[in-house]
């Protein structure tokens, strides 16, 4: 802004600010600055927009292409030196905060058999979604979990956690998802390295699944009052089966086909305090309609192929591709296969939007509910 | 009470009532009666006991013996004439309110292939637990459920519901459980017969299972704000499997082995507003310790054999037997098999006890945690 | 019931039980009795009524008349001998459980200056409402409260509590309200006498009022997680003033004029786990319409005069009179003064009805919303 | 960052990233950039700090000095042209988002008698705190409130609201507080101008106070399920009185003297979904100890004089001065008067910190709990 351009946000609309710069006003503005103040009407229309316009850009990260770069990092750095060996998704509109979309961070982590990353804890909430390999595991507060493709695992706010790949495994790649940018923005980030660098496994492997993953059943003698789910691992097979049952039992959502949220079995709510996650199934040939809502969403294609139109641009995707839908961006999904269903994993900041009463959604009514494509 | 015996509850303990009848006092008491009043100290020690002493009697209803009587009712009355053809469990201490224990009603209902009971709704909460047969079904608000042995099904407060057996089925017997005595005691019972006597099936069969029985997953687009679970049927096989996983993943409770509560997936709480239910597994050779707690509990042996000691008396049980544990009664369970596990289904009024802040429990410390047997 | 009269509850209505006794059936019923069982259809219509019919009788206890009997008890028993010197309200339909209405107990307690009742705790929830005198006080868990006419005070479930009158006071009478019958019915009553018979006052007098009675303000550093209000005393003057403001700020309820519930400031809910309480103001000349609802209600006239019609019978009341409205009984209130408002204090079991999803209400539509009077 | 400086955040600590730039790595990093990705280890130590370091700067805005500039705006712009005539507090560390501290906006608004600002609604939550003048009012969804000095008023998320000064009033200044920066950051901001530019007053003036500001009492027949308090105005006099009672009834908090949170009477929680507010009283001579916590806090001196030490710097304050405490900044407050108490109004983002499980606090243990002053 030119130092004399204070009126760049004027709108000639009743109830909005519409004050033209004059020499007297500009002099006044400069006096205000010396007092660490400013005139609201010079920025009101900017800071009170009619509706959200996300600074995040719709992006699709193609796994093909990205994968080799991720694998190459193995020869370039060790987990010891790197802390964690991760290539993160850097949204062109969010480079300043290292976010994939909105206030959500995401990266692809690779580990070789026998490697172990050091244990730490942080006030960020974290999750991972397994993409490939064999023998991956995560330990959360002494609970070890064995992980396979499309498994979804939590390492919540405040827990000690560490990752590794068994010595007899195969190189593993998974997607990390965290609220690091949000926690930093809220100036509430704490980080601790485990005093022993590694934690002991103090419970049977996968015990959180054994104890907490029974539908409609709750352990009698295990209390739980933490702000996240006691079930840390959500396996792919039962999730996929549940989705198929759900899809068969009702009509599709016009926007999302059959979508289920991962939940905290203790209260039926979101899995963690700041991050929600879901898996959705698009039937063969599903052609979704467009809607938009507040909140930031990052998708990984767990199965199948198709495309999404986001803010008028088409993004073709196949298994393992990752793409984002920024807040209030129009989006619609299509499964291009006539024979196979497609599944989209997603994590998002819905818990934040809901708790702060900021969630809002809208369906596209024009054009049969479909966005016109923007010419490239 | 003799009309001059007002002092039968005296206790010579500081802080308790200890007033001897005198002619003057008795005259005074009689005056009070004319005003619809009385002196608290004549009943205080009675109505404020040191601890609960249930009027319900521990009873075991042996299925063998009872079963033939239940079956015989088929030839004696029709569902049309009887409303429902049920033999109910009539606790000797609760005959005035037709309760099996405390304020819980329970009965054994029998239906033959092709029979249908009429649809109704009531403010009582109801459940059933299937004991034998083939082709049983229940319809709740248009949702039809097919039922097999050890399946547990809800017909909650206010829902239209009806039962039947498919024409190609076999005679079916199930246990009904209701809070009728409680709702009557609270003077809140309403009853309505369905205007058409039968309701239409408006959803796919077992859709509540398809939509709501995925562990750690919640349908995105199905709201639910009723005071009971949207999952109406809890099937035996996954319940048993969950119990086995749970039993394997942790140490036994000294009192209950591995016990899981059936839950409302929407909020993790009890299945209905007034009635809770659970299934527990006692490993081969399990010898439980004694404890007692408030609340009334009615058990059905879903699998196996063993015995329970209740208030010092031993009750041997085998599959399909039913027994009750009254409030604040000492009880301990034993699986007498060395090779097979035993499973106890139970329904109870825990939601009432918990919501009203009246739940309390205590472990037996003497005698190694085991009750001395009372000589017969 | 005559031993051969099993068919006294027959109803010739589809969906209801309508089975006539036959010799064969009667023989069958007798066999069932030997097994601690019975046939549901012999009692179904009785235990599943179309709607509630309370066993409690509408009663008005006139303070004039009762007062002298209460005062006379002072010369007849000491608090030490009596435990508490209370004349309780004995509803003719509830003598078996010593209830004033439904499952609610109430009594009038009298103490002379210098008298102290011993301290105890019980699982019943209790309250008192001060009727007359000077110098009354209650101590709850070390918090002492000074009490005046129309003050409302809690002695919740599990707290140590004791009552007394200061040596320089005047004889005091107050109404006690408890859920003793309910807690007994639920077989969850525990009673303990304080080991020292009296407790120390460990906080400033009336500190719960100082700390917790600020509208729209909450102490920063006082936690509270008990199932009852931390505010133990609700004083008359601010309550009356609040009611007048409330009555001025909106239209009357056709049934209740201006009615406010006493609340737990921590969560806005009822004051205790099982008992709710309210104060309502009827403007000069207020003529209420009739409605009915589940739950049991006991009223004390805190101010003014008028009458209530309950189940078609008129009960004229003036200050300090007490009357009850049983569950599902039609009732309507009238303030007969043209110049003064009338205030009714009430305590009830609404928390129970609401938590157990048993609350239901209905307005009278016929006859302009007024009950026809039943000839005496 | 120089394009070859990727290793500026290295830390030589086990578990942290410590990777030195090499030509090969730099080449790799540049390839990653082309794929909209980057290596986590180049930024990990930056985005996962050991603890928060706020970008907001502690600032004190002196009312003396600021006041004349605020008043001068009256002659410079009309409310019609300006939308609202507000001078906002522009934290030197938060100029990019127009925040006073963290994600909280605040400004001083001035209106002359007879002026009215246009009505609008937005997804931001707003409050005001009256500083001076006579005749100020706010209308929220048809509820008009008359406002005096130190009154606190809500204009919550989604409500139509407008402000004005009565024609017979005096020029008024008040402090606005909003979460505009937060809502913008979360990309959830919507703004609507009222179709008529002004709303009708549809309720009695101050009815929310009449209906909802009775301590320990709740209107029977007014439901409320919105995510903010139905009580829109918190008046100064009862607040001050409540604080004095509270201060008298217990020991001071070592950090905050006697601090009370403004609450939503419906549930005892914070007044709005994203913004909390409090008033605290520091006794004459109060010398607080230092602590720090997450969350952003903006204070206005409602009464008295003293100083606060924030991050080692002393800020002297008197009535109407405003100052901020950024997240995790050490702070301690002192009342320098020996005779008069001091009161600090504060609004903050505590609801956000608490709901997202990000609240943490710490007391200073060294140096007797007092910060050493940093030399100027």
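Letters are used for the chains, namely A, B, C and D, taken in the order the chains are written, and counting of residues starts over at 1 for each.
Here is the rule we use: a contact is a pair of C-beta atoms (placed from the backbone, for glycine too) under 8 Å apart; a residue touches a chain by one contact, two chains touch by 3 or more.
Not measured: the values here are computed from a predicted model.
Copies chain A and chain D of the same chain sequence form an interface built mainly from equivalent positions, shared numbers / all numbers used being over half.
One finds 29 Å separating the Cα centroids of chain A and chain D.
Spacing of chain A relative to chain C, judged by their CA centroids, is 53 angstrom. Taken as a graph of touching chains, this assembly forms a single closed ring in which every chain touches exactly two others. If you check the complex, the residues on chain A that touch chain D are 13-19, 24-25, 28, 31-33, 35-41, 43-45, 47-56, 59, 61, 65-66, 69, 72-73, 76-77, 80-92, 97-98, 102-103, 105, 107, 118-120, 122-124, 157-158, 180-181, 183-194, 197, 227-228, 273-274, 294-296, 326-328, 349, 351-353, 355-360. Those residues of chain A that touch chain B in the shared complex are 204, 207, 209-222, 229, 231, 234, 238-239, 242-243, 245-246, 248-250, 253, 256, 259-268, 278-280.
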